[in-house]
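Shared chain: chain A. Partners: chain B in the first complex, chain C in the second.
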Partner chain A sequence: MSLLAIQGLSVAYGAQPALESVSLVVARGEIVGIVGESGSGKSTLAYAVPGLLPAAARVTSGRIALDGVDLLGLDDAGLARIRGSTVAMVFQDPMTSFSPLVPVGRQLQAFLWRERVDARAARRRIVEMLADVGIADPERRIDAYPHELSGGMLQRIAIAAALLARPSLIIADEPTTALDVTTEAQILHLLREIRDGHGTAILVISHQLGVIAEICDRVAVMYGGVIVEEGPVEALFRHPAHPYTQALMACEPALLGTDGRRLPTIPGAIARDGAGCHFADRCTHAEPACRAGSPPWQPAGDGHAFLCRRMAA
Partner chain B sequence: MSDPLTIEGLTVRVPGRGGKPAIIEALTLSVRPAEVLGIVGESGSGKTTLARAIMGLIRASAGRIAIEGEALPDLAERSFRRLRRHVALIFQNPAGSFNPRLRVDAILREALRGLGGGRSPAALLAMVGLDAGLLDRHPHALSGGQARRVAIARALAADPAVILADEPTAGLDVSAQGEMMNLMLDLRDARGTAIVCITHNLAVVRHCCDRIAVMYLGRIVETGPTGAVAAAPLHPYTAALLAAVPVPDPARRRTEPPVRGEIPSLFARPDGCEFHPRCPRTTARCRTERPALRDLGEGRAVRCHSPLGVAA
Partner chain C sequence: MDHARRLLGLMWRSPTGRVGVILVTLLVFAALAAPLLAPYSPTAIDVRHRLAPPELSHWLGTDQLGRDVFSRVLVGTRATLATALVAILASAAVAAMLGLVAGYGPRWIDALLILLLDSLGALPMIMLALTLAALLGPGIGTVLIVVVAYSVPSYARLVRAQVLGLKQQDFVLAARAMNVPLAAILVRHLLPNVMGALLIVASMDVATVIALDTGLSFLGLGADTRVPDWGMILSDGFAAIRATPTLVIAGAVPLVLATLGFTFFGESLNDALDPKTRAAR
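This part shows the complex of A and B:
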C-alpha cells in the first residue's frame, strides 16, 4: 500500500482554481519531486496534505489518504495529531521557521511533547538528532539563538525538528532556495541520507530541475494547477515528453554552455482560462484542438506518462 | 576610453566584538566599458557589502573609487551623490523597492528629477519594452516581470555608466531569470552600459557574463574571462562553486557534496589562506602563509599557493 495517495484533488481560492483534479502517489521511503513555476499549484498541493492551506482555500473535490487515514475527513484535532507524528514539514526559509527569542534546543523540545520524556532525556535526544543532521558541536549549538547560526545550520536544525517525531513523510517546500549552492548541495545530500537511514518518504517541492534530479526517485511536473508529466527521474529527464517540460529543460542555465549570451525563455505567462490545455498559449506545438478540450494522458513506458494531445510518446 | 568604474584598495570595516574586522579587504577591481561582470560567492563573502560600499550606503575605511577615470575626491557623503548618478543599483526584490502609494509615472519622475536631459517616464518604459499604458498603475498592479522592468527603467533615468544588480535572479523561475538577464544584456548592447551582476547563481553567470570575479571572505580569490574560468577554474573554491550547481541530469548525481563546511565568520578569519579549512588541497604552507593575488596572464588571476592545473 502506498504511504500517500492523493486522488482527484481540486482546490480553489474563491472562484480561482489552484489545483484541478491532481492525483499523486508516494510510496514508503520514496523521494518524489514536484517541479513547476510560481503559480503552478505545487505549494498548494504540498500544503493541502497536512491541512495547512490558508483559510481562503477550499478543497472542492478529491481524497488524500496518508497511511490509510482519510486526511480530508479529519477535524482540526485529528489533523494536529497527524502533523509531526506522521507528516512533518520543512519550510523554505529557515530564518523564519524559528522564533528569534528562544534557543533552538528549547524550540525542538516542543516536537517531543508526545513522548512525555523528562527534560534531560529530551536534551539528549535533541543533541543526538543535531549530530545526526551534521551539526558540529551540538552540545553547544543546542543553546544557541537562531541569529547566532547560519542559514545552512538552521535548515539542518529544521530537518532535525521534522525528524524528532519519526514521521513517515517529510514535505520539504523549496528546502534549499534560500541557501547558497554549496550549502544546497550539503542539504540535498542530507535529505537523501535521511531517506536511506530512516526510510522516511520525502515530497520535495522545487522550481529547480537540478534539485529534483539530484535527489528524487520520481518527479511530477506541474503547470497551471495540473500535473502534466510524471515518471521516474531517469526516464523523465532523459526523454521529457510534454512540451512544457521540454521548454523548462531548454531554459535550464546549468545545461547551457558559456558561449551563449541570451538565455532561452518561455514567452507568455501561466493562464488557465478555457477548457483546453493550460499550456496551449505558450506551446509551440499547439493546434486549435488543444484549446478546445482536455488533453489525454499518454503512456511513455515504465511509469512515465504525460498529458498532451499533440506529442507522440 | 577609461573604465566606467575603478575600485582600488577598498577596505570596509565594521565595529564588532573584539575589534573592527574587515568585511572587504584591500579589494581592487575595475569594470570595463560595456562589460558584463559577474561577482560570485557565498553569503558572507562580502559581495553585497561591496555593492553597498560602491553606492556609498556603507562608509569605506580606505580605498579609492573612480568613475570614468575621474577619482572621487574622497569617500564623503557629498561626492557619492555624483557617483549615484553614474552607477545605478537594482535591488534584489525590485517590486519591494517601490513606494506602494506612487504610480509608475511618479516613481520614474522622482528618479528623473533634477537630471535634466528632457527624458520622460514613457521614454524610460520604452527602453525596457513596456507600454506607456502602465504609467497609471500602482506597483501592486504590476506583474513580477513588469515590476522588474520598471526597476530597470528607473535605474536608467540618470543614464548610468554602470548598472549594479544585486542578486537579480534570486528566487525567480528559470524563464523569468532568462528574461531579466536578457533585458540587461540588451541594454548593454544598445547603450553600452556596463553591468555588474552580484549573485550566487553560477549557472547564470557562466552563461551571461564576460568576466567573473569570485569572492571569499571579502577578497577576490579568482578573476578571469568566464569561458576560461568555467572550463578550468584555478582556485579550488571556484571549482567547488562550479561543482555545486545542481544539474538536471540524474546520471550526473554527486555522491558527496563538493565542499564541506561553511564559510567562516569574519570575526574568526583563518590564518594563512582563508579557504584552507575547507580546501581539499591544503598543505602546511596554506595554513600559515596568506597567498597574494597572482596574475597568471590572459586576464586571469588567482589567490592560491598551488592553483589547479598550474605546475608548482
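This part shows the complex of A and C:
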C-alpha cells in the first residue's frame, strides 16, 4: 500500500485556483520530487498534506490519505497529532526555521514534549540525533544559538528535528535553496542517507532540476496548478515528453553547453485561466485544440506519463 | 543566580549599562536601607526650623513643617519604587498575556481585545483615576489598578504587533509542523521574542509611572499620606516654590536619576538578553 495518496486535490485562494485536481502517490521509503516554477502550486501541495495551508487557502475537492488515514476528514486536533508523528517538515530557510533567542537544543526539546520525555533523556536523544545528521561536537552545538551556526549546520539540525518524530514521511520544501552549492550536495546526500537508513519517504519540493535529479526516485513536474508530467527520474530526464518539461530542461545551464550564448528562457508569463492546457500560450507546439479542451494523460511507458494533446510518447 | 551574574557582567560592558546598573543599585539600596540611613524621622515636625536651607545638620534643608527633606527623599524612595515596580511588572504581565492571545488567537478574540484595550486607552487618565478612587477608595490597590489600566493598552498593543509579525515566521510554522503544544509555542517561541521590546518600554516607563503615582498622591489618591513619596515632596515643594527651590529640586533630582537609571538599565538589559548583540560586543 502506498504511504501517501493524493487524489484529485484542488485548492483555491479565494476565487483563484492554486491546485487543480492533483493526484500523486508516494510509496514507503520513496523519494519523490515536485519541480516547477514559482506559482506552479508545488508549495501549496506540500503544505496541504500536513494541513498547514495559510488561512486564505481552501481545499475545494479531493482526498489526501496518509498511511490509510483520510487527512482532510480529520479535525484540527487530529491533524496536529499527525504532524510531528507521521509527517514532519523541513523548511526552505534554516536561518528562520529557528527562534533566534532560544538555543537550538531547547527548541528541539520542545518537539519532544508530547512524548513526556524527561529533560535528561531528551537531551541524550537530541545529541544522538545531531550526531546522526553529521553535526560535529553535538554536545557543544546543542547549546548554541541559531546565529552561531552556519546555514548548512542549521539545516542539518532542522532535519534532525524532523527525524525526532520518527516520521514515515518528511516533506522538504526547497530544502537547499538557501544554501551554497557544496552544502546543498551534503544536505541532499544526508536526505538520501536518511531514506536508506530509516526507510523514511521524502517529498522534495524544488525549482531546481539538479536537486531533483540528484536524489529522487520519481518526479512530478507542475505547471499552473496541475501536474503535467510524472515518472521515474531516469526516464523523465532522459526523455522529457511534455513541452514544458522540455523547455524547463533547456533552461538548465548545467544540462547544456551554452557556449557563451544567452541562456534560453520560456517566453510569456505563467497563466492558468480559461479552458484547455495551461501551458498552451507559451507552448511552441500549441494548436487551437489545445486551448479548447483539457489535455489527456498519455503513457510514456514504465510509470512515465504526461498531460498533453500534441506530443507523441 | 549564575545566569543573573552573567547578565550583569554583560550589562557592565557598555558605559550606559554601567550607569544604569549603578543608579538602579543605588536606588534599590536607598529604598531597602532608608530607615537605617535616614538621619531623622521623615515625619518629625520641627516648626522652628521651617524651610531651612541646606546645611550640615539638614543636607537638603527642611520643608514647611521643618521635616528633614533628605530623610523624606530617602524614605520616599521606598514607597515610590515599590509602587512603580510592582505596577509595571503587573502591567507587563497582563499585557504580555493579552497581547499573546490577541496576536496569536483567532480574529474575533483579537478584534474584541483590541476594542476593549482601545476603549480603555481612550479614557482620560485623571477621570479614570478619580472614578476608581471614588469607587474603591484611595490606597495602594487603587494606584496599582490605575497604573495597570493606563499601561496595559499600549503594552498589549506592542506585544500583539510583535506576535502578528512573529507568527508568520518559519520557526512558528516549524513548531506547528512538529505538533508543539500551543502553550509551548506561546511561552517558548513567542514570549522570549517579545520580551525585549516589552522590557525596554516597561523600564523606560518606570519614570512615567513614578510621575503618575506622584500625580495621584498629589490628588490625595496615593497609597498612604503618612508615608512620604517623591510625589508628595514635589507637591510640597511646589507649594513653597516662592520661598525656596530646594524642595522641588530635592524631589525632582531623584526622579531624573531614576528615569535615566531605569532607561539605561532597560536598554542594556535588552542588549544583554539578545544573543545577537551579545555576540557583536
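By definition in this document, the second predicted complex is superposed on the first by the 312 of 313 C-alpha atoms of A that agree within 3 Å, B and C clash if a C-alpha of one lies under 4 Å from a C-alpha of the other, contacts with A are read in each partner's own complex, and residues count from 1 in each chain.
Keep in mind that, in the parts below, a contact is a pair of C-beta atoms (placed from the backbone, for glycine too) under 8 Å apart; a residue touches a chain by one contact, two chains touch by 3 or more.
Every value quoted in this text rests on a predicted model; they were computed, and no experiment measured them.
Colleague: Would chain B and chain C fit next to each other on chain A once aligned, or clash?
Modeller: With chain A aligned, chain B clears chain C, so fit.
Colleague: Should A:292 be classified as contacting the first partner (chain B), the second (chain C), both, or neither?
Modeller: In the superposition, A:292 contacts neither chain B nor chain C.
Colleague: Quick one: is A:69 in contact with chain B, with chain C, with both, or with neither? Answer first, second, both or neither.
Modeller: Neither partner.
Colleague: Pick one for A:121: touches chain B only (first), chain C only (second), both, or neither.
Modeller: Neither partner.
Colleague: Hey, is it chain B or chain C that touches more of chain A?
Modeller: Looking at chain B versus chain C, the one contacting more residues of chain A is B.
Colleague: Output check: A:208 vs chain B and chain C. Expected answer is one of first, second, both, neither. What do you get?
Modeller: first
Colleague: Examine A:101 and indicate which partner it touches, taking first as chain B and second as chain C; both and neither are also allowed.
Modeller: second
Colleague: Please state the minimum Cα-Cα separation between chain B and chain C in the superposed model, rounded to the nearest whole Å.
Modeller: Nearest C-alpha pair, chain B versus chain C: 7 Å apart.
Colleague: Per the definitions at the top, what is the overlap between the chain A residues touching chain B and those touching chain C?
Modeller: Touching chain B in the first complex and chain C in the second, no residue of chain A appears in both lists.
Colleague: Once bound in the complex, which stretches of chain B touch chain A?
Modeller: Per the touch definition, chain B meets chain A at residues 42-44, 143-145, 171, 173-179, 181-182, 185, 200-204, 206-208, 226-227, 230-231, 240-241, 244-251, 253-254, 256-260, 262.
Colleague: For the complex, which residues does chain A have touching chain B?
Modeller: Those residues of chain A that touch chain B are 37-38, 150-153, 177, 180-186, 188-189, 207-214, 233-234, 237, 247-249, 251-266, 269.
Colleague: Write out the stretch or stretches of chain A touching chain C in their complex.
Modeller: 50, 52, 80-81, 83-85, 88-89, 91-93, 96-102, 106-107, 110-111, 113-114, 145, 147-148, 158, 161-162, 164-165
Colleague: Inside the complex, what are the residues of chain C that reach chain A?
Modeller: Listed in rising order, the residues are 169-171, 173-181, 184, 188-189, 192-193, 196, 273-276, 279.
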